[in-house]
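Below is the structure I would like to discuss, written out as structure tokens.
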Amino acid sequence: MHGPTATLLLSCPDQLGLVAKLSSFVYANGGNIIHADHHQDFEAGLFLSRIEWELAGFNLPKEIIAPAFEGIAKPLGATWQLHFSDDRPRIAIWVSTQDHCLLDLLWRQQAGELKGEIALILSNHEKLRAIAEPFKLDFHHIPIQKEIKLEQEAQQLALLAEHRIELVVLAKYMQVLSDSFLAQFPQVINIHHSFLPAFAGAKPYHRAYGRGVKLIGATAHYATPDLDEGPIIEQDVSRVTHRDSVDDLIRKGKDLERMVLARAVRLHLQHRVLSYGNRTVVFS
Amino acid sequence: MHGPTATLLLSCPDQLGLVAKLSSFVYANGGNIIHADHHQDFEAGLFLSRIEWELAGFNLPKEIIAPAFEGIAKPLGATWQLHFSDDRPRIAIWVSTQDHCLLDLLWRQQAGELKGEIALILSNHEKLRAIAEPFKLDFHHIPIQKEIKLEQEAQQLALLAEHRIELVVLAKYMQVLSDSFLAQFPQVINIHHSFLPAFAGAKPYHRAYGRGVKLIGATAHYATPDLDEGPIIEQDVSRVTHRDSVDDLIRKGKDLERMVLARAVRLHLQHRVLSYGNRTVVFS
Amino acid sequence: MHGPTATLLLSCPDQLGLVAKLSSFVYANGGNIIHADHHQDFEAGLFLSRIEWELAGFNLPKEIIAPAFEGIAKPLGATWQLHFSDDRPRIAIWVSTQDHCLLDLLWRQQAGELKGEIALILSNHEKLRAIAEPFKLDFHHIPIQKEIKLEQEAQQLALLAEHRIELVVLAKYMQVLSDSFLAQFPQVINIHHSFLPAFAGAKPYHRAYGRGVKLIGATAHYATPDLDEGPIIEQDVSRVTHRDSVDDLIRKGKDLERMVLARAVRLHLQHRVLSYGNRTVVFS
Amino acid sequence: MHGPTATLLLSCPDQLGLVAKLSSFVYANGGNIIHADHHQDFEAGLFLSRIEWELAGFNLPKEIIAPAFEGIAKPLGATWQLHFSDDRPRIAIWVSTQDHCLLDLLWRQQAGELKGEIALILSNHEKLRAIAEPFKLDFHHIPIQKEIKLEQEAQQLALLAEHRIELVVLAKYMQVLSDSFLAQFPQVINIHHSFLPAFAGAKPYHRAYGRGVKLIGATAHYATPDLDEGPIIEQDVSRVTHRDSVDDLIRKGKDLERMVLARAVRLHLQHRVLSYGNRTVVFS
């Protein structure tokens, strides 16, 4: 395995020499690239890139890398993020009453699969409080009250700030976040219990049963103000037959949901996902 | 392998003793059941069944089986079909300009995979005429002319009658059949180039690309007057990534389409599919 | 949903009238069949069947069903089992040091997915003891000591008897059971971390990496004295690429292992699996 | 779409600055990179790379690119290939008596899916000669005669040379090539009708049936003197059940075989596959 690494995620208008400029920046400073992948969206005229290199042997101190790189990025008109693998982003998991995605993420954290730290559980119900305890996690219960939604969102945002949360995972939270919330905290991954865009909205398994489909799906996407319209990170499906009742679809769907959500969260925490418009590039 | 068999496909209101009554009818007449599968739709209060038995050793002559069985079926309020495996249903394939599904079905027919006989190709274009020749198939070109659609459908129905066609396969025909056509000839299987109900309607691959999905699909279904709403027989999906252009989706989709359509046609010809409402039971 | 049901799993030499005889037994006694599926292995000349019916309205008391059915089964030369859905088989899970399959099964038990009751955890290590506590399960640590293996197996068998265990699940137990153990307690499901028969034996992920495969798999099977040769209940695979290290294969494999093992255990507990020779029929 | 491109496939001992050096070579000569992907095998200490750039605007004439690049490659100790997208490698397909893979590849060539040109069909049987005619392809029948195998291989090599063949595709050829043949013509892709390493050797479907597996597979790999041990390019699987006879496995397997082989051939012709030892990197 490697020691700590730096990862650059960048997008900019396509132009000559981008790979050379980015990789030369790393090389000129003594860095050993361990992953470099690039993509062009020719329709959008966009270049998107992920470069990861070892910090050991790199000649720039961590705090100087970003300002030094800005000299290259600015003339390119680039949007970019720089991440260090020894920074572990803090995560809040938001749940309602279903525990399967939450348990699965907590187990993966313990197993060392997630390059982040689950620090907070937030729920609109009390039901899952007991799960937080053995993991020594803060559990906050904020029941949904429509009349004071703005107030509650302020409270939620304060909690995220207080716990220095960088990623919210909606692990079957089943509630819509307001535009204003997302404007202030845009790093939110949601799991939708269907193969989007099929069965967007409520009760997808009931509707899948009603339509008589032969496959059900799940979709992990970044949350956006347009419900179920956010950039898709990962999807998967399971086969069903006429023997499967709605309850069977829900049961099979749970396995899909936790797998798909976990993959998306893992990819995000590895800084492998770049979203633009309603699309993602997944550098996997 | 077996000699010729009889297959009964039946649905009726659920009630006690159905499996016993059906299997006893076969046994009492000396038949050896080689496949028996049943399903209850508890919501609909419906029993659905498929029973297949060997004709060798069966005491009733073929032409007497149906009238004899009617004595059992009538009191049950059953809808039923009786098929003999040595009857090979005649099939018409309708195409537009794309050849992949057509060729795939023709290859499968040659390989003995389909329990039926492709007898006729009908197209609204001349483009695929050359494919019919080496297979010694009639090819009929009926261009779409909206003003005389009724007349054309009469012509199509006459062709189906003349060739004693029992199944129409829309192998990328890309045209809607009228209610009146389907009322007169309801046995029509269509392939839709998306994972229905996602991307129903036109240009599904362009829309899938636009939505940034991570899987594309195909759906084989019985045609109904409600376009893309018919009972689904089979679906499947393929993984795509940000590297896949619309052309790549179309190319990958072709493989999905021909596999999914071929499976659906094969299942139908084995009398393994019972449709009711907008659902199917697939006794596979 | 249904009330309690009876399920008959039967195999016998193929002969005329089997479906009729079995279903008539149920019908004659007033039973409502909710699942009936049959299979013939023509090579082996064997008929295999699963019939499930509602106990409500059935005229025979539970304790009379088996002796009454013996009158039908005996002349057929049948091997059969009768199960009642309100009997919940007691399960022992055997583990070594890996927790993922154990936790997954415990979660599923809590979620009501398993028609059985996990009653006992047995391990050759202390490591997973803490998992047992919140679930209020007995945890027994029996370290492997080759010199006294027979003694230890006697101890294990005594534990199974004491807890009235009907099914042992080897959830990454990583040890071979002796012929003598399996002769005394044959109902054992194992999960093997490869797509059998590929990579039977030790370190399958290392060998899969070494071979450069593009898919890895997992296999749930009944344990037999021939290691990794038992009848396969369920298998599945995941795609891997050149980017995946051995550690990645192990991580991806864990998800496969718990899904495949859980499906196999669930199918077994629903009495949907009949094994004969080194094969299974899965009535799903 | 793009105009013609150049593609560099390179491997060399891992060292600092490789991405920078390769991409700077392209940039310094005015090239627009449209695909760049790299991989490190840390165990083997190997760097592997694929870079594709547009020839339009590139300052070096095609015939100078290789000699110019050698100046960079040599000090790196690199093994490399340079390909131009407007060169269409000529392909020979070798078959025995099964037509499904051959027909599928011919159809894909017509559909424009393959960046190459099928120029020759070679078979040890006469059976498939008729397929070659409508495609205006040379068909050569060289029956297997063990006593004169060396002579026959000389004849085969002469045919490949005469037709300037760059890739041989064994599309169910079912015969082993000698070490000497492969030493003289190493670019050979084979399709094996199992999920290797399971069921290497003969009659894999019969053995899969015998083992009672729940999935069957197919594997496309480069041919090597060790039969069925060559570097794997692509694999896939299909679900089977107890209802599937050996004939069903063979039928389902045909679909797998043609899909897997076609994907492998397509990837190879796009110069996306680098093999080293018994492994491949697939830059897809």
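As written, the chains take the letters A, B, C and D, and residue 1 is the first residue of each chain.
Note that in this section contacts are C-beta pairs under 8 Å (C-beta built on N, C-alpha and C of every residue); 3 or more make two chains touch, one makes a residue touch a chain.
In this text the structure is predicted, and so the values were computed from the model without any measurement.
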More contacts between chains, A-C or A-B: A-B
Chain whose average C-alpha position is farthest from chain D's own: C
Euclidean distance of C-alpha centroids - chain A vs chain B, Å: 42
Taking each chain's centre as the mean of its CA atoms, chain A sits from chain C at a distance in Å of 37
Among the residues of chain C, which are close enough to touch at least two other chains? 243
What does chain C use to touch chain D in their complex? 39, 41, 195-199, 211-215, 217, 231-237, 241-243, 245, 278-282
Per the contact definition, I'd like the list of chain A residues that touch chain D in the complex. 16-21, 23-24, 26-28, 30-38, 40, 239
What does chain A use to touch chain C in their complex? 99-100, 103, 107, 111, 113, 134, 243, 247, 251, 254-255, 259, 284
